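Labels run A, B, C and D following the written order; every chain starts at residue 1.
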Amino acid sequence: MLNIQDLCVNYEKNQVIKGISMEVKEGEIVTLIGANGAGKTTLLRTISGIKSSSSGSIEFMGNPIHKMPSHKIVDLGIGHIPEGRRVFPEMTVKENLEMGAYRRKDSKEMKKELDHIFELFPRLKERISQRAGTLSGGEQQMLAIGRAIMLRPKVYLFDEPSLGIAPLVIAEIAQMIKRLNEEEGATILLVEQNANLALKLSHRAYILETGKISLEGPSEELANDDRVQKIYLGYE
Amino acid sequence: MSEQIIQALINGLVSGSIYALMAVGFTLVFGIMHVINLAHGELYMLGGFSTFFMVSIYQINFFVALIATLIIIGVFGFFIEKIIFKPLRNASLLNTLLASIGLSLFISNLVLKLAGSDMRNIEFPFSGQSISILGTSVSVHRIVVLLLTAFLVCLLGWVIKYTKVGKALRATAQDTDAAALMGVNINLIYGIIFAISAGLAAVAGGLIGSLYVVDPSMGMMPGMKAFIIVILGGMGSVVGALLGALIFGYAETFTTLFLESSYQELVGFIILILVLLFKPSGLFGGVNTK
Amino acid sequence: MTKNLNAKKLSLIALCAIILLVIPILLGDYHVHVINQIGIFIILVTSLNLILGYTGQLSFAHIGLFAIGAYTSSILMMTYNVPFLLSLLLSMVASAFFGLLVGLIALRFTTHFFAIVTLAFGEIIRLIIYNMPDLTGGPNGIYNIPFPPNVFGLDFSQRSHFYYIILIGAVATVLFVKYMIGTRTGKAMIAVRENETFAQFIGINTWKVKMISFTLSAALAGFAGSIYAHYNSYISPYSFTMMESVTLLLMVIIGGVGTIFGPILGAAFLITLPELLRDVNEWRLVIFGALLVLTIMFMPKGLLGLFKSIQEKVKSSKKPVSNIDSGLGEEERKSVGS
Amino acid sequence: MGKRKLSLLAGLMAFVLLVFTGCSGSSETGGKGGSGDGGDTIKIGIAVATSGAIAKTGQDSLAAQRVAVEEINESGGVKIGDKSYKFELVHYDTEGKAESATAATERLIQQDKVMAVIGASTSTETAAMIPIAERNKTPMLTAVAAAPVLTNMGANYFTSASSQTIMAIQKYVDGMKNFDYKKVAMLHFNDEFGMATAEAVNKAFAENDIEIVFQEAFAPTQHEFGTMLDKVAATDAEVIFAVAQIESFVNLLKQAKEKGIKIPVRDGAGGALEEMIKILPPEYTHGLVGGSRSGRVDAEDHKAFRAKFEEPELVNSFHYSGRDSIYLLKDAFERAGSATDKEKLQEAIRASNFDGLMGNYQFNEKGENSIKSITGIVLDGEIHYYEKDEDIPQDVIDSIR
């Protein structure tokens, strides 16, 4: 479904992603694990078209998207929940959700979608006309996910959904990701520092080290790999 | 004296509303695009000329001319953004500022070369008529300026608050990347912001050109003042820009009333520094001051 | 620097020195005058570069401090008969003092707030000069400012003789700033420019560093102002407006911000270009404006950056090395502002 | 500094040297045998602002100077002894900036070897240029800038051919007396010109028992006069005496009319009337009185001169003044009897007794001229002129008062 070939990305003169090839198949949860600065966020930003690549290709359902502007990529059905939630702090919860459906033309469907999201996250409904900036971290993460669901994307890109969030809420969000995949058949590419969580959630995993893929395979296998255990899972 | 104070209150309101049209556009461009556009005053000047040519040469109705000016200069602003500021998207604040100064030199001197340096008077439909408010007479001209400004600012407020484009503008202002992830076409939005800003400045030029006179150097001071007002109100804040404009209008009027006109500039700068000392990000600043 | 003083370099320095010394003999008064103006602006722009280029603070107040230098020196010499060298020194002290005052308030702010507060101060200084006719001549300015007294048979009322004062001043200023950058304080300045939070983190008193940089740069602006006044023998508030301030910034940016050589190049370019364009008269500012926009669009790192990238291209075509860091040095330009 | 940079520096300096010497070479050969070697042209340098915010006055005077030169060259040129010379103008833009003006002056004198310099647009530029003319012993005239500071600098080679504020003061006093005004509100610029005029007017009015009941300075950039006019309306002033340039004056008139202020406005700067009636409809300017510095624009000479322009109706006092400056020089050259001796030329300029469009030019030892201002009164959009000794008809006075 999402196919990346030999992708390279530069920041100014420094190459951050040095030739990555990877694939996400329909219905899968794929996770990308790596240390800080390995290039995970950059990869997701490049897929969404916010950052431009210097070489290589990205294909989404047969369409080359590495030269497309981000709003066209959104149209094709890629929903990106960015690192740090990035909700619009001065807008209300409702306005934030409406922004999620910015590219959708069918306003009736949108109403249904809103109800659906309030069903998934009842806490958002309580805060419907509150400014998003005043929400707690966990609530903001829910809002960010809800905002992405509004678009009904075919693929979700999750960037560090557990970062800076209370442990109890993390479980809730992990549950949500699983539900999206199982109940709604969404394909998910998950970037996580919390490798433990990510490997449990996902079907397959890639390990990214300083801009290159160093290891890949089914998540269970990787979770048992010595090196992964030592470096990413913290086993001694 | 009391009559003079009432007069001053009205004068300050009119001056303030004129500054507001300039400042709102300026602050939009800064707040969303982080560009300090010192060519803002030249767009105002172009608006003055466009209105003058339509009204006095082609005998078009003043208000129709203003709307046409809004559109023409707005479109012009859109292309300026595409041609000059888009390639400078990742440049530093100082570099875009200097580029805008180059643009300002280019436009004002080109107009000077093409249209000459003569001053021109825009014929206003109700010139010379006045009505009585609170016992003092106020010209219809100024009331029209005041009402039109208020209308445009409210219209802009409505667009920003309730329309889809307005929401996209706000989203872009608060978080450009997140807005792009929602599918907002950032390039288009930037162009629209510039067009709105240029259009408002151009209408201000037409209105003020009719109140004063039109000439190629008319944009310099208002452009500068818009900058100061926006800083005073808080960079990027529309409400701040409106309040800053009023404060500035009243500061000038009351300086003339109680001191002397020639201290206007000095008083303006001193107020600016005082405000910033107590509220370092401007009156309504602190939200979008990246 | 002393280590690699090889013969080739020495001969180049000698060549430069000879060219610089013979300029007034070879050229007529008009060209010497243009070069003198370049020289005065090299002093001024180099001093601005200390705060803008090396410490990363966008200051518009520089033109005001330049004005204070010019007025102090003129008033001291004309009203109080203070000798030239002492007036020069005192004008530096006066500019430094006012720089300190402005800095105390303005350096509470960062980025564009600092810029606008300094802009306000620059204008306030000009407006006060304008509105104090008893001391400053107000809008009339001060005229018949005396030239420095003659020494060694040099008559400083002549452009070609005054040239040597400016030459010494410019070389001294450039060398001083170069020296300054090498000191601990200078390195702290660059640290502040690169990342203020990090600089604080590693124990630099960033406020103090910025104050030192601002005050030093003010003193040098006063120095330039004094020379400017005695060279032109006429000053008025109209020479110290915000537009001149913008011209100074342009010189820094077009030359190459945060480099020793950039301000020299920028001043030379921005003073010579309008002179070369004199024959197109009315179109001059139109062309100038367009060139300015194009320069910023296509040469964001200034002329020096352009030379560097050309040099790199020549180099890399000779030996294809993919060393991406080759262009990044201590003097790499850093974007100022946000 | 690295070797690379040193070589760059050396290269740059060599380049500048080359460009400069190249420039001087081309301009000397291009000069078609300049005046220095007794050829048949005399070069006159013009340094005025033709770009920037104050371009108008410079553009106008320059256009007239070009027309005047053409006229002179076509009608036999400048006759010195038994030879006749043609004038050649060299103009550089000063942008209204002192730095640019000084460089332009140096270039005119050093590079183009002009015999005289005419400039500039603002007093600041002119004041910066005077020391250069003085040092190079080159005659310098001004046709636009008029502040008293210029002639007070004590320069021997500078002469003011633009109409002097000082000469108009008596006219202003007479004007007040004609209309029997006793209480005046004075609004004036806070620049060098406005301040000097205000000071002189204050003194002269006090001596003649005319009371200034209100006085206020404003910046040349100010457009809004509402509150100031309200303050004036609250006094018992019978007339507003405004020392302002055209732009402020137009705004003042528009806003006075807008506010319904009935107090008549008088021009205290000179030269504004002709502009005013072009910019504003008649109802704004009716009853405006001023000391005109255009001379009698209804005279035949003026008409003939205006006819040389594409748009004769746009010709103003700066045109006349510019035209006069060239003819004044022609007259001085012919009396000096030399096309190359700057000292003789300077003496001849100062000894002028020349009738131009603006009036009769004679100069005192400071270089101030003696052009007598005439009174202009705007009635229904037309200016009526009255010479110094002419009486203004009572019915005109009554219709305005």
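The rule we apply is simple: a residue touches a chain if its C-beta (ideal position, glycine included) is under 8 Å from a C-beta of that chain, and two chains touch if they have at least 3 such contacts.
Predicted, not measured: the structure shown is a model, and the values here were computed from it.
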C-D or A-B, whichever has more C-beta pairs in contact: C-D
Per-chain CA centroid nearest to the all-protein CA mean: B
Between chain D and chain B, distance of the C-alpha-averaged centres to the nearest whole Å: 35
Where chain A and chain B are represented by their mean Cα positions, the distance between them in whole Å: 41
Chain centre separation in whole Å, for chain C relative to chain B (CA means): 33
Shared-contact residues (touching 2 or more other chains) in chain A: none
Shared interface positions of chain D, touching two or more other chains: 51-52, 190
Contacts with two or more other chains, residues of chain C listed in rising order: 131, 282, 285
Contacting residues of chain B [partner chain D, same complex]: 1, 4, 7-8, 11, 14-15, 109, 112, 116-121, 123, 127-128, 130, 137, 139, 141-142, 208, 211-213, 215-217, 220-221, 252-253, 256-257, 260-262, 264-265
Sites on chain A touched by chain B in the complex: 45, 48-50, 69-71, 74-75, 79-80, 82, 86-91, 95, 98-100, 102-103, 147, 151
Residues of chain C defined as touching chain D within the complex: 8-9, 12-13, 15-16, 19-20, 23, 26-31, 33-35, 37, 130-131, 133, 138-141, 143-144, 157, 159, 178, 232-234, 236, 238-239, 260-261, 264-265, 268, 272, 274-276, 278, 281-282, 284-285, 307, 311
Residues of chain B that touch chain A when the two form their complex: 164, 167-168, 170-171, 174-175, 177-187, 287
Contacting residues of chain D [partner chain B, same complex]: 51-56, 59, 190, 216-219, 221-228, 230-231, 234, 246-247, 250-251, 254, 257-260, 275, 279-281, 283, 314
